[in-house]
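In what follows, structures are represented as structure tokens.
In the two assemblies presented below, chain A is common to both, partnered first by chain B and then by chain C.
Moving on, here comes the complex of A and B:
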């Protein structure tokens, strides 16, 4: 049993390492995410920076914009996770060699590290450029971690579902809406709480529950949508 | 209990087009089933069904190894496949591709490296920089990486030069002599001693 578990983990780790190795050599997702994040960050910060939004309004508005930047940056890069495998015909070799759940987890882990790296770059810059004060930094860190995981898991799941479809772009938007909307509502509310110092209440446990639900749904759905 | 592959009355349609109309066959250890037919007769579709990459609309496919009848997920993982649409990561070298798939297959890379050495493919070349004949060599190494009992080979000698074809034929002969099974799809009959069954598909 433990040998099977370690082999499964080794498979997932191999997928994760392969994703990053290919990414470092092509820099497709890195460039897309960085460009989109930088552009929106600059536009939002200059439009609604310290001079553009009153302090009281800033706490209400700026967390929304932070998560919009993160969401659209992720949406620009992560849907390629499985689409590229189909387009380059490497999906056949993967289907024949990989355990579906290990493949899903390897891709999810890659997406998660990409999102966390994006958050680590964007969030401090955003806070500085908009002068958004954070009363509870630990809560913000928790929301970014749990929200980032939710974004990566939701995007990976939707990316897997659309990989074999014809209208991938349109489908990603349609399917992402119900999957990612609850996540965004929760993360925005919690980020506002971190800025204003309001207690997290039940929102943080609900966010963690969302993460767990998407992960379980992904592990259950992925073998069905991945294989014929 | 030894390894056997039996399939009967396999049917597959793509929309209104019926590609496979009740195809049956069997292969025993050391045997090779040659599937021939013109383009569009369903040879590749049959091999995709046998590998578990495509679900047939009806019919049965039964593949047994020592541990009994395998379900489709296990069959998919155990077979060795060479097919024209099989591609590898162009950003990775041949060595990195073999090592990656060896980890997925939960086996050592050595078998793949040994096959590549016999077929004469340099390990440190990027997969994206391989010629079509070199890609075919990598497909063979990939298919034999986990020492499968059943090989499903779709036009296995295409794009090879003389040395590549000789090497691949030798690998196939050794596989069969060691008790392995093979289903080979080819548009024309193959000049190969080990053919035990022949299935002709029509359009």
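Moving on, here comes the complex of A and C:
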């Protein structure tokens, strides 16, 4: 059993390492994500005007915009992880090389590191540009981590689906947004709580529960999606 | 036998309509226009049957993934189509009632928010089906997506009411598990609920047979 577990973990680690090695060859996802996020950030901040949003409204409005920027950046960069496998016809080799659940975890880990890097880049810049004050930074960090994980987990499963369909780009948004909607409702509410200092209507454990449910669903459904 | 059942259903629905307007005393407490509360006999059963449809679709999706029988895939897809139709009807009737009672068609009441998200989700399900040509692959992906929805959408129903306040009347079968209505109202409501559920499965069955025939015809032509 322990041998099986370790070979499963090494398969997942190998997929994760392979993703990043491929990524560093072209830096496609990194560049797309970073540039897309930064451009949107500039557009949002510029449109709010030099005075920004009034402080009283800031805690209500600004968290929404932050999560919209993150959501659309993820939609721009993450589906690539699976679409590329189909386009370069490496999917079959991958099917032979790794068990589906290990593959899912490797891809999920890659997506997670990408989203966390994106958040580390975007969030400070966003807070500076919109001068949104955060009362409880630790809660914000927790929401970003748990929310980022949810974004990565939901997107990974949906990306595996759309890679096998036609019209991949548009379909990803159509399929992933309803799945990520509960996550966004939660993260926006929690970010508001972190900014204003008032306890939010929901708590962080609910967000973690969403993450756990999507992970379990992903592990169970991914073999069906992946294997013909 | 089938024709007999269809006629029985027709008779049943006629009774429900007559009951809703002439038998049930209605008058739910605290309504601006008490007469408008008769909508409960149609709006609520529609919402129920739409959810029965989505749950049935999930069961057929699981059956498909276990047995790989195209019949189950067709049943799931049709159940979602009809469930979506019932869901849209419930939303539209709800909006009409909201205009009369609350003064606005749409005000992001938690119920409106959740049902809209559910409609979006199953709309996406149909979009996914349309963009995969190969029947086996389409069935597989669609079943997985339908089951993902079953995991994700309950969060909305739990979370949204905790964030925004609601004007929506209490659920008929409320948290304490009791029905806060008098007997005649309850009879008509549950009678209507049963009628709508039967209507759902009858239409679903008809549509499944129709699509099966269309597929056979297409196969014969080739």
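Note that in this section the second predicted complex is superposed on the first by the 223 of 228 C-alpha atoms of A that agree within 3 Å, B and C clash if a C-alpha of one lies under 4 Å from a C-alpha of the other, contacts with A are read in each partner's own complex, and residues count from 1 in each chain.
Rule of thumb we're sticking to: a contact is a pair of C-beta atoms (placed from the backbone, for glycine too) under 8 Å apart; a residue touches a chain by one contact, two chains touch by 3 or more.
Since this is a predicted model, take the numbers as computed values, not measurements.
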Which of chain B and chain C A:18 touches, first, second, both or neither: first
Which of chain B and chain C A:10 touches, first, second, both or neither: first
Chain B versus chain C as contact partner of A:97, first or second or both or neither: first
Touched partner set for A:88, first chain B, second chain C, both or neither: first
Contacts of A:179 with chain B and chain C, given as first, second, both or neither: second
Those residues of chain A which chain B touches in one complex and chain C touches in the other: 228
Residues of chain C that touch chain A when the two form their complex: 65, 117, 120-121, 124, 127-128, 131-133, 136-137, 140-141, 143-145, 147-149, 151-153, 155-156, 158-160, 162-163
Of all residues in chain A, those that touch chain C in their complex: 154, 157, 161-162, 164-167, 171, 174-175, 177-179, 181-182, 185-186, 189, 201-202, 206, 210, 213-214, 216-217, 221, 224-225, 228
Residues of chain A that touch chain B when the two form their complex: 7, 10-11, 13-15, 18, 21-22, 25-26, 88-90, 92-99, 102, 223, 227-228
Touching residues (chain side chain B, partner chain A) in the complex: 51-55, 73, 76-77, 79, 81, 83, 85-92, 96, 100-101, 103-106, 142
